[in-house]
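In the part that follows, the structures are each spelled out as structure tokens.
You will see two complexes here that share chain A, one where it goes with chain B and one where it goes with chain C.
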Partner chain A sequence: MKCIRWGLVKQQMSVQLLVRTLNFFSLSLFILQPAVFSAVGMLLSHAAGNDVPDLVYSVIGGGIMGMWSGIVFTSTYDITGDRRNGMLELITGSPTSLASVEAIRTFTNVLCGFFAVLIAFSAAMFIFDYSLNGANLWGAGISLLILLFAMWCSGVFLANFLAWSRISGTFVEYLEMPVAIFCGFMFPIRVLPDWMQTISGIFPIRWALEAMNESLLGMRDVRYLAEHWLLAIGLCLLLLVATNWLQNKVQDKIRVNGELSSI
Partner chain B sequence: MKSLHTDSSHVFLFFIKRKESAVKLRLSVLCVPISNTQILSTYDRLGHLDFVALGRRGEMENPAIQACSLNKVFKTKIGLWKIKSKSTTAVEDISFEVERGELFGLLGPNGAGKTTTVKMLTTLLLPTRGTAKILGLDVIEQTAEVRKHIGFAFSGSRGLYNRLTAIQNLNYFAELYALEPKVTKKRIPELLELVGLNGRGDDRVETYSSGMVQRLHLARALLHEPEVLFLDEPTVGIDPVGSRELRQTIKNLISLKKTILLTTHYMAEAEELCNRIAIVNHGKIVVMDTPASLKKRVSGDSVIEAEVQSAKAPILLDTLRGLDGRSMVKLDHSAEPEKLCIRTAEPEKVLELLSPFLNPDYILGMEVRHQTLEDVYITIIQGEKE
Partner chain C sequence: MIRRLVRTVRLYLAQAWLSYHGRFSITNPFGYITSKLGFPFFLMIFFIFMGKFVGFSDPLYIVIGNLLLIPANNGMAGISLAIGEERGWGTLSYVLGSPAPRAPVFIGRAIFYILDGFVTALLGFGIAAIIFRMNLGQVDFYLLTLCTFLLAITASGIGFLFGSISLITRDGWTILNTFIQALYILVGVNFPVDALPGALQKVAYCLPLTRGVMAARLVLDGAGWSAIASLIGGEALVGSLYIAAGYAFFLWIEKRSMQSGTLDAV
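Right after this comes the complex of A and B.
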């Protein structure tokens, strides 16, 4: 653990919270957006003929959606904002790698996003009388941890595209909804056509989320869950390898084309 | 600790005698080129010393900054339907050296390539061709090592988190530079005092004036005690009082033996601060020398500026043809009234020639002054244009 610079982790998280997250507008992203998604999910569930809405996919799914949006939008703003105010150059020009800074930032964004999931859980339990009776809590807990790890891996991978150029942030924003659909944030993945399910297999978030949702719905098949967890962790590791490769490429590219700053 | 390198024909001996405290080591003998055989015998004879280190030539006497044929070409694509590649050469074959403890100025108009040069030297841009070394470390191959030894501050309000206080900003950068918490705690108040911001450290940066922001940039750049400092137009947008304070801070840094590369548009600033100056235009170094020598390079050491009646200007120009080739006469048609500018080493002769015309029919006003670096700069840059 000595290789982790805890001082940097603490400082970067504090800066992240003070500069980007702890303000009314950013907090809305983690509260209002999940609430809207949850409401739409429940309306759709009702329209589909369900007397009792599926709280796991509609309400808690709304929270997951809020977490994902938080990661995508906050990470996008982190880099474009830093590029605009000259911080990206200063961070890159310091002995600390931009990759380390991005890793800590994304971790902070995941934790803030988790706040949205907690609110969604609370809303499901206290407003809509969702009960954890019958749920596989251990399975759901482990799946949630792996889900957070998968979200973090996906966030640090996407951060490379944001650093890539001055206009690449738009590309990452476009990915928000497709990833949400392919990973089944608000519906079971099995309702998707086969070809979409095949594509969704490359996202570690999909496997962790499926394991968590199934656990909340009472799944106790250890083999099923273990397969999902291993797939999620394996894909995360692959993503980290790709991230490392991409980071070196991006570092060279932005130093060649001079896109570290906005001017 | 004893180390011996005998694989170089030019070897330097560094003898460091241990004083009372291990921290207070004194470097006593430097740079004696000797042969390999001599090294071994010398090493034997010096056995009584506590510490003997032998290093290759240059390890301790590298210039602080070495730029060798630096080039930077930016490639962009333009057009929507018919996309064309466009290359822009920002820096072309720039070479210079800055000695340790020197304050070196890069001067030039906007777009001359000053900032691009600084960004290559600070590892933020990769040169298209050429090499650069900071304290002997290659900026391309030893990027991480170079970054530990340099500090840089760019102009303007960019480069700080405005929603944080000065101390929070400095604490953040201290972590980026991996400073020990104890060192950070001691350094921040010292730096805030150095740049004249003590008492304002707990205020958000967004409440600072431009001058205060610029001084905070300087404190940030100095946080890890870098040996080499790059200041890119540090006084841009600052009022005269703020500029003067900042210049004083920069002078204080020189007394602390820092090497500084300064880019600026302000000639008075460069003249006041820099040991040597390079004037850059169109990505190339046009001239490089001390401010005093630069002033001598351009003809004459006096400048006579006369506001003249436009209709009579040809008569005056004709009169001044009698001056020798070292004087330079130029009529500025764009000025209102038109301005006759004479750079000369013989101002008495100019005044004598112009004396019959010292009346409002010909000359509306006249000023005689010593040549400034700005005159030199304008002469060089305009000469380039022509």
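Right after this comes the complex of A and C.
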């Protein structure tokens, strides 16, 4: 049984990488878009009279932005493409659940998105001489893992949200920038007005990212970091519960209607 | 002569209406409004907070720049989508195999995108005036309209260039999107062109939109025709060159792609 599962994971990841992820569109999302956002951040900083830009937010934040954009569009386009090609019913009707397929696909997308973060880190270190001296590496590492988990949970949720209703696609595509704003991808959350900070509390990515950024800036307060980690994990679990609910709804719908293309 | 002119105009308008109606009648009002104002609005907010964080003290500069890019985006995307979507649905070979003149078929489709972008930008200015308390009292609206419309038209030259790329690759739309992202750096949308490194400033002045955005900013600051005449002239000249080059490139690629049979290759 375990071999079959591992085979499924390997095969799905391989297909996802070759067919959907490693193409010009995705590479543009993962590499070029973060570079543009980072450049805008640095040039804005220059125009504001700063000699040195904030590398954690301007450069590494650009990588996070690339990871998020990649996950939003690859995960949602997967479902949109499946629906358009009439594959959604076949996947839902196959012995492998749609949840498993989406979980593996999104995991692959997150790994590819992580590539954007790695490039951003490398650019910060090797081009802009960013130093990790003084950074809380353990805190940053744990926060990064939780951030990847939060990204995965969000991607799986969005994919299932799209499977649940075709109309949700209109809504999901426009989540890219609002989530980037509310989670403070390229600026600290404290820049936002109070009411926006309150709303941003519902996003697990926000808590994990804030902990990672603060760790990179030297934060060593274990209680502060632990609070952020626990909040992120708790919200991720809520997202997974919601995803499971959507899954059941999709199964119910296909049993009643026999198709998922028109919903 | 007049009959031929009327026929040509009718062809352009019919293509424009059918294309626009076909694209937007299938969507709902929410989808339409979010596609028009949603992404540009949130992107603008994102840049404003980035600016606030780094100490860029003029959020209105970012607001105006992003609003001015809306008609330009529509101008670029209109033609590129017209070509790219034919290819995507596998109907491009039928269109190019027909004796229909190319200009009405493809430029005609861009007309409503240009008008739509223009109206959206004006609407955006109205909304921005309310939200960000922009002072529009001293603005010459005829000049602002001229600048906004010119931006949409000159940007269509870039649309032709990238639309032509759609004839030979399925990534034409993605390549255009990547280019549009570069415009957020190059044409003075979020910060002045002077803030760019020297080489990039030269690139910026070789692109359409740079002078048009500058002219529109001056108009919003209360400047008159004499202050913007040279910028408008420069924008029209650069834009015309891009439109001519784009159309010539389109015809050349069309000829090449028909010879090699790569029209619908994916």
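Going forward, the second predicted complex is superposed on the first by the 243 of 263 C-alpha atoms of A that agree within 3 Å, B and C clash if a C-alpha of one lies under 4 Å from a C-alpha of the other, contacts with A are read in each partner's own complex, and residues count from 1 in each chain.
Please note the rule applied: contacts are C-beta pairs under 8 Å (C-beta built on N, C-alpha and C of every residue); 3 or more make two chains touch, one makes a residue touch a chain.
What you are looking at is a predicted structure, and each value in this text was computed from that prediction instead of being measured.
*Asks:* When the two structures are overlaid on chain A, which partner does A:256 contact: first (chain B), second (chain C), both, or neither?
*Replies:* A:256 contacts chain B only, not chain C.
*Asks:* Who does A:240 touch here: chain B (first), chain C (second), both, or neither?
*Replies:* A:240 sits against neither chain B nor chain C.
*Asks:* Touching A:24, do we find chain B (first), chain C (second), both, or neither?
*Replies:* After superposition on chain A, A:24 lies in contact with chain C alone.
*Asks:* Under the stated touch criterion, which partner chain does A:49 make contact with: chain B (first), chain C (second), both, or neither?
*Replies:* Touch partner of A:49: chain C, not chain B.
*Asks:* When the two structures are overlaid on chain A, which partner does A:15 contact: first (chain B), second (chain C), both, or neither?
*Replies:* Touch partner of A:15: chain B, not chain C.
*Asks:* A:181 contacts which: chain B (first), chain C (second), both, neither?
*Replies:* second
*Asks:* Which partner does A:199 reach: the first (chain B), the second (chain C), both, or neither?
*Replies:* In the superposed model, A:199 contacts neither chain B nor chain C.
*Asks:* In the superposed arrangement, does A:5 touch chain B (first), chain C (second), both or neither?
*Replies:* first
*Asks:* Figure out whether A:92 sits in contact with chain B (first) or chain C (second), or with both, or with neither.
*Replies:* first
*Asks:* Could you give the residue numbers on chain A that contact chain B in one complex and chain C in the other?
*Replies:* Chain A residues touching both partners: none found.
*Asks:* Sort out for me which residues of chain B touch chain A in the complex.
*Replies:* Its residues touching chain A are 74-75, 116, 119, 122-126, 144, 147-148, 152, 154, 156, 158-164, 168, 171-173, 175-178, 181, 220.
*Asks:* Enumerate the contact residues on chain A facing chain B in the complex.
*Replies:* Counting only chain A, the residues touching chain B are 5, 7-8, 11-12, 14-15, 18-19, 84-87, 89-96, 101, 252, 255-258, 260-261.
*Asks:* Touching residues of chain C toward chain A in the complex: what are they?
*Replies:* It is residues 27-28, 30-31, 34, 38-39, 42-43, 45-47, 49-57, 171, 174-175, 177-178, 181-182, 184-185, 190-192, 195-196 of chain C that touch chain A.
*Asks:* For a test of understanding, state which residues of chain A touch chain C in their complex under the given definition.
*Replies:* Residues in contact with chain C: 23-25, 28, 32-33, 36, 39-41, 43-50, 53-54, 57-58, 167, 170-171, 174, 176-178, 180-181, 186-188, 191-192.
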